[in-house]
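The following pair of complexes shares a single chain, subunit A, combined with subunit B in the former and subunit C in the latter.
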Partner chain A sequence: MTIEANMPTLPPLTGRAGHFRPLLEGLARRTEPVAIALFAVVVGLALFSVFIAAIGKSPLQLFQLMYAGGFGSWFSIQNSLSRAAPLLLTALCVALPARLGLVVIGAEGAVVLGGLAGAAIAVPLIGSAQPLLAWVMMAVAGMVVGGIWIGLAGFLRHYRGVNETIASLLLSYIAIALMNHLIEGPLRDPASLNKPSTAQLPPEFMLGKIPGMDVHWGLVIGVLACIGSWILIERTSFGFAARVAGGNVRAAQIQGLPVGRLVVGLTALAGAFAGLAGTIEVAAVQGSANGALIAGYGYAGILVAFLARHNPLAIIPVAILLGGIDASGGLIQRRMGLPDATVLVLQGTLFVVILFCETLYGRFKAFNPDLWKRSA
Partner chain B sequence: MDDTALGFWGVPLAVLAGAIRVSTPFIFVSLGETITERSGRINLGLEGTLVFGAMSAYAVAVITGSPWLGVLAAMATGAVFGLIHGFICKFPKVNDIAIGIAMMQFGLGLAFFLGKPFIQPSAPKLPAIALGNWSSLPQVQSALNINVLFLIGAALAVFLWWALKNTRIGLILRVVGDSSDAARAMGLNPDTIRLVATAAGGALAAIGGAYLSLFYPGSWNEGISSGQGLMAVALVIFARWNPIGCFLASLLFGGAGALGPALQSVGVSQGYYLFYAAPYVMTLIIMIATSSPTRPLAGMPGALSLVK
Partner chain C sequence: MTKLLRMNRRSFLKSSATGAALAGLAPGLLGSTAAAQAALTVGFIYVGPKDDYGYNQAHAEGAAVIKAMPGVTVIEEENVPETVDVQKTMESMINLDGASLIFPTSFGYFDPHMLEMAKKYPDVQFRHCGGMWKEGVHPENTGSYFGYIGQGQYLNGIAAGHATKSKKIGFVAAKPIPQVLQNINSFLLGARSVDPAITCQVIFTGEWSLAVKEAEATNALVDQGADVITCHVDSPKVVVETAAGRGAFVCGYHANQSPLAPEKYLTGAEWAWGNVYSDFVKKAQAGEKLGNFVRGGLKDGFVKMSPLGPAVPEAGRKQFDTTLGEIMAGGFSVFKGGIKDNKGNVVVAEGKSFPEDAIELESMDYLVEGVVGSTS
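Up next is the complex of A and B:
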């Protein structure tokens, strides 16, 4: 087979259809991921309905409650947005390395250590520093620690050939043990008797709410991080190099791209975002680093990133959707007497079905202009 | 004689006892993962299988009163989880590692959901064989109170090691794991064999879960596993896909995991949380020491895409 035989051939641009062809092709290529993702969500919800019906509950009532609890009122929308805030950042921790072809699932550890670092650096600043300085210091501390943690997984992957999925997960367990050690010992606030914590932040150090909303600033930071990441990946030469390396490492190396620096840099940035999520959780919600930081944001972020197909902009709506599902958990528990794990079952079902539907890509002629008839 | 009479000598004894007691889930999960990976596929979802196995074993043991029926039920559910994973991975463009993560979340969620009513009732435990009656020390007696599943696991490791080398099924598994093309040339269907291997791996991993809920710690709750299903995947790499290596590595992991509680029991109160991290740190160090960026790991099945 010659090389030419594999090349998609464009039709001669004659006739009226020819003028619209590039437009249609672009539209078809862009519609494919949205259509397949929506199809996957519908199939996932259908399977989940069967499960709910099988245990004798009404799926219809469940979805109604889910809507009411997640998006039915201004109160519940704000609740959903608050829950989405950390997911935006932890999803980036999965999505950015994924563009390099890496599966990093240890965001939980970076969240925990980022929160701890932010809380620890704020303690000596209490009473002497302006809140703005304190916030900057906390954010830097959280991002540096988170960046080192996930960057280490990237470093080990590239320079030692260690599987990054398992390494990042092990690092996550180590991070949790480290936090437990530090908040039980050296960093423990003697005043925290039953629930070991670091010293409580004074009210002026707490990150406030967005004006007019009951949602903290973490949401804005998360959205900005997603937009910034999208620009970085899609519109800069660094992002282009990363995508090349993610597509084919050998080709990238032959081109002389600094693959090692790309891997470490992007995983460190990913970890920095997860670390920042932890810091924000401390500065906006908890007021100190404690066991409540281990809330599964890192694991929920994996689902968000895969559902968004590692596109930083798509993370924003997906995180809000997942935040809404999460927010409705309490209502479902109270009204229908279902356990709180119901939300986990739904998330797991969606996750499996969405990954399964990856196999549908390229199978539909309508989405694949290369298969269109030349006379179109 | 009271519990503290041994003093610090209690630590190595507790580590030995822990190695035997804590290692059993590692043995079953790592042997299961070895079968799956020898066929050329990774199932990262064994953590979910393990926890679901723990839940179903406990539930069935509560309902029927027989812990062994519980173990059988766990095996069945584990096989189903493996079949789902294997079936989905048959399709093109599906990433087996990502599916593993998804199956893990699904398994955990479903186990917590269905297991809610079984947190309260207590289930009959799996029997143990008291091999320590020659000693008057209660610590020695409890250390050598060995569960039947541990012995089965040890025997299974030896059997799998032998079977992989000397049986037709072992050969088929190795061929499929080393090269899908070679397997097809022999007239074998790699997808079918991987499906069966993943199901077998899931069934074994679920036995590990049954051990957790029916013997040690011997109860069902949402925090029953501390990542054994995931560490076992790393352990298989460390053991170089060798079943006997898996058994020995599991003992090592069990011992490392028992270090924290053992030190705590003799009054070391500072920093014992750090010792809880010992198995994870050890796994990571071992993976760093044994991996290489330039060549595949020795003994790694050729069709396995551990590092793309």
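Up next is the complex of A and C:
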């Protein structure tokens, strides 16, 4: 009420100009997140330039290399997309629970166990099953195990009052220890002497590349998962209930929403996506489950999800952007002699600035749809 | 857009300033015959930081030797995980920098990552550190090089045997895999050549690089009375500093760590990759075929010992030099005649001896008598 009272009213538009009002209103609503995100990225890059200049290197050369290495050629674009692929799914593992108001940071554990489950279930199928059946079995195994793992954090949260952030983080340590134990013990391929791994998948079980591209199918699966999650959250009653519970648990309970089922269901779905990321890593890249699964995809997903403000659709461009930054990191090391940590500094700077810019929402009158409403 | 592209191109040309490096722009032209010309771009990929006082630094020191050679451009990338990232790094070195010889130095880079890239880029030579190449199985443009460093740990053991007062020495190990087990056993056998009453406690951390656990393990070993510590982890820095801080002596591994503990450092088993890399590069420059399977030990210049520290007593220096002389003369065996494992089983029968290149040592799965610890 008070805001509206303070709003300056535009002179009423007459004639045809009046038709633009609803358009402007929608535009104002939609451009706010984009404008603020862009502003944050520009500020982040500016701060990073100061850092680079301070250590005596040229920020201009650095940005040119980042563009060249991340997006400057078809090779670079494919490089960025390959690196973005696993982040799409691990970011969903953070973004979905976040819509319920939960901060889940244990995607790494679900990735590792999902990969292990996928690899383990495929071993007895070698030689007897069709690839399609093997893929389905692997995906199901990875998703179930990943779902149980993160779903457990959701369950503990709702029914036992255990903080889901700590629980999911600790669960991921347990997951990594469990995988190390299994690949060095019962599930170890005896031929993997100095690199403990599960048995190698035969070539026909490998997922392969998207036709015409040097990027594996994980990218397509990840994009579909993001779109599906967006529909689930924004366009279904389940998603609506989840958002209500995320806004105010008490209100949701009073409304009779099944908060427990929402929490466990959505965390399990989130874990299933991370588990699937692990399975894809095995089936498309590694060919077996081994220590290389612990590559930090789960933790990178936290960054992606927060930068995307937990919007499943926004995860797609953010993951590609981070993939590009990652891809250009090598070129920066090789051409400018900067350490690998340079890219981490950039990611950290962007992260902090973007989180800081969250406070800017609602502060600019131009983005307030009410301003553009037809004055009565 | 075009302007940006042009600027990229210009900065790209600038950074590869010499006309020689320009030849590298077209990797297709750089077959084995073209490699006979002076221009050669060599790529090095490390799994960790290249100043880690350990595994990666040893390779980076080797790369620095190549850098000083005429007509060679060295490009390096550190902290590259064993995922699709390393594949893209190799491709990026080939496509954007014109690398025609690549050394992916981490064990896990071999399968599937390096093999995939070798198939895709048959004109580029790949040589991997680890000894997994098999004739007829792996592509001809790939190969392995590795060093027998076990005898270096045997010499470490001799220095340790003379320095210990408590007759207890300690070993911080990453994983119970054959290479590591051979180092542990060699270390104890070296110490027992001084005094058969010496025992060696081993603690496995489970990971190649896990600073916190390495420090905990070192402290635990010192708490249990060990007064000489060595290790086999990627970066011995934490172990060396922690042990020396607690007053224990240390033997180094991978690289020379004496600057970290000048008074407490006895000696160390170091890689001498500079010799190996310059051999490869000389061959590549002369247009000769590079070896596919290259291995060697102290005698062949693949491994070297750090200079003996001030704490090694005179008797120790004498035995160290005598044994080193025997090793350099060739045919020396650490594992000979009547060795039992620490469960009482005979693992090397009376009258048998395994020199460092014996195939039996490649699948070692035991700890010898006198080692306190378990492989599982």
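Everything that follows uses one rule, which is that the second predicted complex is superposed on the first by the 346 of 376 C-alpha atoms of A that agree within 3 Å, B and C clash if a C-alpha of one lies under 4 Å from a C-alpha of the other, contacts with A are read in each partner's own complex, and residues count from 1 in each chain.
Throughout what follows, contacts are C-beta pairs under 8 Å (C-beta built on N, C-alpha and C of every residue); 3 or more make two chains touch, one makes a residue touch a chain.
Since this is a predicted model, take the numbers as computed values, not measurements.
Student: Please determine, from the superposition on subunit A, whether subunit B and subunit C clash or fit.
Tutor: In the arrangement built by aligning on subunit A, the partners subunit C and subunit B clash.
Student: Quick check for you: in the superposed arrangement, does A:Leu303 touch first (subunit B), second (subunit C), both or neither?
Tutor: first
Student: Could you tell me if A:Val285 is touching subunit B, subunit C, both of them or neither one (first, second, both, neither)?
Tutor: A:Val285 contacts subunit C only, not subunit B.
Student: Using the touch definition from the top, say if A:His158 reaches subunit B (first), subunit C (second), both or neither.
Tutor: Only subunit B is touched by A:His158; subunit C is not.
Student: In the superposed arrangement, does subunit B or subunit C reach more residues of subunit A?
Tutor: B
Student: Scan A:Leu170 for contacts with subunit B and subunit C and give back first, second, both or neither.
Tutor: In the superposition, A:Leu170 touches subunit B alone.
Student: Can A:Asn79 be said to touch subunit B (first), subunit C (second), both, or neither?
Tutor: second
Student: Let me test your reading of the model: by the given contact rule, A:Asn180 touches which partner, first (subunit B), second (subunit C), both or neither?
Tutor: In the superposition, A:Asn180 touches subunit B and subunit C alike.
Student: Is A:Pro339 touching the first partner subunit B, the second partner subunit C, both, or neither of them?
Tutor: Both: A:Pro339 reaches subunit B and subunit C.
Student: So, A:Thr349: does it touch subunit B (first), subunit C (second), both, or neither?
Tutor: First partner only, subunit B.
Student: Just checking: does A:Val103 make contact with subunit B only, subunit C only, both, or neither of them? Give me first, second, both or neither.
Tutor: So A:Val103 only meets subunit B here.
Student: Following superposition on the C-alpha atoms of chain A, which segment of subunit C from the set 217-225, 271-279, 343-351 or 361-369 overlaps subunit B?
Tutor: 217-225
Student: Do subunit B and subunit C land on any of the same subunit A residues, and which?
Tutor: 177, 180, 184-185, 339
Student: Mind listing the subunit A positions that touch subunit B in their complex?
Tutor: Those in contact with subunit B are residues 101, 103, 105, 156-163, 165-167, 169-171, 173-174, 177-178, 180-181, 184-185, 249, 299, 302-303, 306, 338-339, 341-349, 351-352, 354-356, 358-359, 361-362.
Student: Can you list the residues on subunit B that touch subunit A in the complex?
Tutor: On the subunit B side, the touching residues are 44, 84, 88, 91-95, 97-99, 101-103, 105-110, 112-113, 116, 226-227, 230-231, 233-234, 237, 270-271, 273-274, 276-277, 280-281, 283-284, 287-288, 291-294, 306-308.
Student: Going by the contact rule set out above, which residues of subunit A touch subunit C in the complex?
Tutor: 61, 64-65, 67-69, 72, 75-76, 79, 82-83, 177, 180, 184-185, 193-196, 216, 281, 285-287, 290-292, 295-296, 326-327, 330-331, 333-335, 339-340
Student: Under the stated contact criterion, what part of subunit C meets subunit A in this complex?
Tutor: 4-5, 7-8, 11-12, 15, 49, 75-85, 88-89, 91-93, 95-97, 107-108, 111-112, 130, 175-179, 206-207, 362-363, 376
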